[in-house]
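See the structures that follow.
Two complexes follow with chain A in common, the first pairing it with chain B and the second with chain C.
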Partner chain A sequence: METEGSGTTSRLADVVQEFASAVVPALRGGDDRFDLLGSVLTQDDDPLAAAAVRVLAADALAPCLLAEKATSERDVLLFRQAIDGYPPTPDAAVPTVWSHWGMRAALGRLHVGAPGGETHQHTAPDTAWVAAQPWQRMTHQLAQLASLALPGLPSPLATAVAARPVDLARGFVRAVRRRDWTQAAGAGRWLTVTPGVPSSLGLPAGLEFVRHMGGADARVALHVRAAQLAAERTRVPSEASV
Partner chain B sequence: MMPVETPRKLPTSSDTTADVEALLNPAEADGTFRDTAECKGGGTLLGLLLLSSPTPRPKKG
Partner chain C sequence: MTATSTSATSASVPGTAAPRLLHGVGARALEWLSANREQFRARTDATTTRVEVMERFKPIGELAVIGKVLLREGVAGSEQAVLIRELLDFAWDDLLEGGELLAWVQRQEPMSPIPLELYVPFRELGRQHSDLESTVRLAHGLASWGGVEVVPNRRLGLSRVESRAGLSPSIEPDEALRRTWLGRTPEPWTVEYHIAYDVTHTVFHRTDWGEHPEYLPADIADYLARWLPVWLDDWAELRQWDLLGELLVVDACLPEPTLDAGLWQRYAAAQLPDGAMPARDDAPERAAAGGGGGDGSPGEGGSPGEGGADPAELFDWMYHPTLVAAFASVLATSRAMTALTGPSPEPR
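On to the complex of A and B.
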């Protein structure tokens, strides 16, 4: 028998997929405006809408951050509700803390220069775990924070990741071999914005393979499309070989 | 008598906090491996067994 809690989790996962499915086509093209709430059936007064945005984190506004589309007032309001409604607790896990920081950074980036806009001045969380963790664990954690892998968004986390490009590449290959497409797509997204990735990795073909194999999952499709967009915008120097 | 429709109870933010945490911090999925070395070893062993000469039998008479 399904408990009430697991039922809510299941429905939240469905809403997350629904929202991610709305982001993917906006990353592929369309007009200059992105209207998340106008693209989904879930209403903005449903608390699962804010919860799903919190799970997607900055990716809920990825078309505005990566494809420079205009956002809607309703979407920004929902984004703020997700930030305010799900603050990290003092003992929160790394992905919770960093994704929350990433959401505030994204909001600040969208509003920089706008009248009455806010700038991003929040203290960044700790990054010591990137250097301290084994490459498998590091890749797993970073894949959950793929929404922070944005070109043109310098962050202490990106700086820390830049010190371990080969380990991250190793983690990408491991994820592909384990057929963990979500992790592979997230790691691949980080690799596109990280300098020093070995060209022998064959990242563009690898990402296309991940999309082919795992693209039925909207979050995988979102990560792969975001990675491809980031790669178009950022050509990072690669090393000749491992 | 008209049926009374029960209003749908929407989950509140506090109801969904644990669910959000669970989706933000999922455990690593179990991998599905295709170990090349093991597959190659198994294939070689099977090939050798199929190609090997039959087990000698004691002659009758």
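On to the complex of A and C.
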């Protein structure tokens, strides 16, 4: 019998890995439709299913957002449950608030209707922290919001990030040096959709390095694959020299 | 690394370090070096072997190079200027026996570049030894001299040493620079402990130990301006004071040094009351305990061997980071004073 606490937490982590593992191959290719629940053993009535989607946020539908795959009705329903079931509290941390916003924006983008109507046009959360924080902390938080680093998704967050490409690149270097593959992959994903990244960073090789070293974690693999897909689609201008 | 460890310590104190903070580190370091100068000695008596002498050339050479920097920059204050002159006089007249020791080693091992590396700073300060010079000239004329195998950043250093000694360089410095790790401006996330030392030494050699920051090509200066802040932040957090000191020298060699106040405060706080700078945070305890397990030579962040904290062992543990502290301090102070007193003197 599993008790509340670490047991649930670790099972949630397992379900998150299971879901992320289903997203990665769909980002690589396959058919035109993405069916998350059809690709995993976890059932949609398992309470951890919605919780895991909340953790992955918009990335639970990444193949639909990044690879133009059709959604499945069951997945969208689960996605909505995750949005409605975990509304951010007034004092919620920045990543919580933003990833919630990102999920609503994702639904709007997929034209599948969102709870409360055109929610992606709702007032976006605060972005002042992006400019205010030291590069180390900024990168750490942005990496937690990598699901929002989508090519062609204009957001106030992406605009704020665009002002600090070098600082974000420094954060990527720091994360790789520390073997913090999750943070490195998340930061790398932002870098692929941000103009002005120094070419001396060696981002494409860096992403491959992160995938090789940290890709056993499906969330790392997901971020790297999403970044590579984004890079293929958006050739954001990097710097000419270093 | 966990999320909680990402606090941005280097950025917590914004702005550049005050000259007084920068200067204090070097003044204390110099006092320690002066008080411990006997430990630099290479030949204790007639039975000292050439190998034993050459083992001590590394500390003496670093003392010579950095002592010359201190004199050159002229920001050390009059008390320190006296100490530096005394130290350099001691090194040349006493430790190197007026150059005799260098000439002796050069005759024993004519293809060794080591005596010349030690000699050049003294030569620039007006000391001369004709026999050493003639032996070096003879060796330098041989194909063997330029073919001696050394790591690329040292080859760059030798190219500058040759020029400074009035000899033609075996390889042009810019070509030598491009053969180093830094010269290729590689992926900054691949930098590790030993690569970081290769980076610092490449900058030392290409700029003649900070005398000519403008010799650093613009692309490499830009590359360092981009990525040095990450490496500084990392090795400050790892409390590797020797490497941090060398990276602070690199910062002071850039067209726009950051002279980061937060980093300098942490660096200054690591200095021991007597002025010695530990290589790492646990250095004094390790030295006292005779602990091993270092990750480099004793001079560069390693730890002393077995046998307790005898003065010679403590010295080997401390002298390099302490010389680096004096070096970083004088260059950073000089740059800070320049920033205070007027426009940049050396347009790039």
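Here is the rule we use: the second predicted complex is superposed on the first by the 229 of 242 C-alpha atoms of A that agree within 3 Å, B and C clash if a C-alpha of one lies under 4 Å from a C-alpha of the other, contacts with A are read in each partner's own complex, and residues count from 1 in each chain.
By our rule, contacts are C-beta pairs under 8 Å (C-beta built on N, C-alpha and C of every residue); 3 or more make two chains touch, one makes a residue touch a chain.
Everything numeric here is computed off the predicted structure, so don't read it as measured data.
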item	value
First, second, both or neither for A:198, with chain B first and chain C second	second
First, second, both or neither for A:206, with chain B first and chain C second	second
Touching partner for A:59 - first (chain B), second (chain C), both, neither	neither
Which of chain B and chain C A:96 touches, first, second, both or neither	first
Partner chain(s) touched by A:140 [first = chain B, second = chain C, both, neither]	both
Partner chain(s) touched by A:177 [first = chain B, second = chain C, both, neither]	both
Contacts of A:166 with chain B and chain C, given as first, second, both or neither	second
First (chain B), second (chain C), both or neither touched by A:75	neither
Which of chain B and chain C A:16 touches, first, second, both or neither	first
Residues on chain A lying within both footprints (that of chain B and that of chain C)	140, 177-180, 183
List of chain B residues in touch with chain A within their complex	10-13, 15-26, 28-29, 31-34
Parts of chain A lying in touch with chain C, wherever the complex brings them together	133-137, 139-140, 166, 169-170, 172-180, 183, 198, 200-202, 205-206, 209, 241-242
In the complex with chain B, residue positions of chain A that touch it	5, 8-9, 12-13, 16, 45-48, 50-51, 54-55, 85-86, 92-93, 95-96, 99, 140, 144, 177-180, 182-183
Residues of chain C touching chain A in the complex	1, 3, 6-8, 10-12, 185-189, 191-192, 219, 222-223, 226-227, 229-230, 233-234
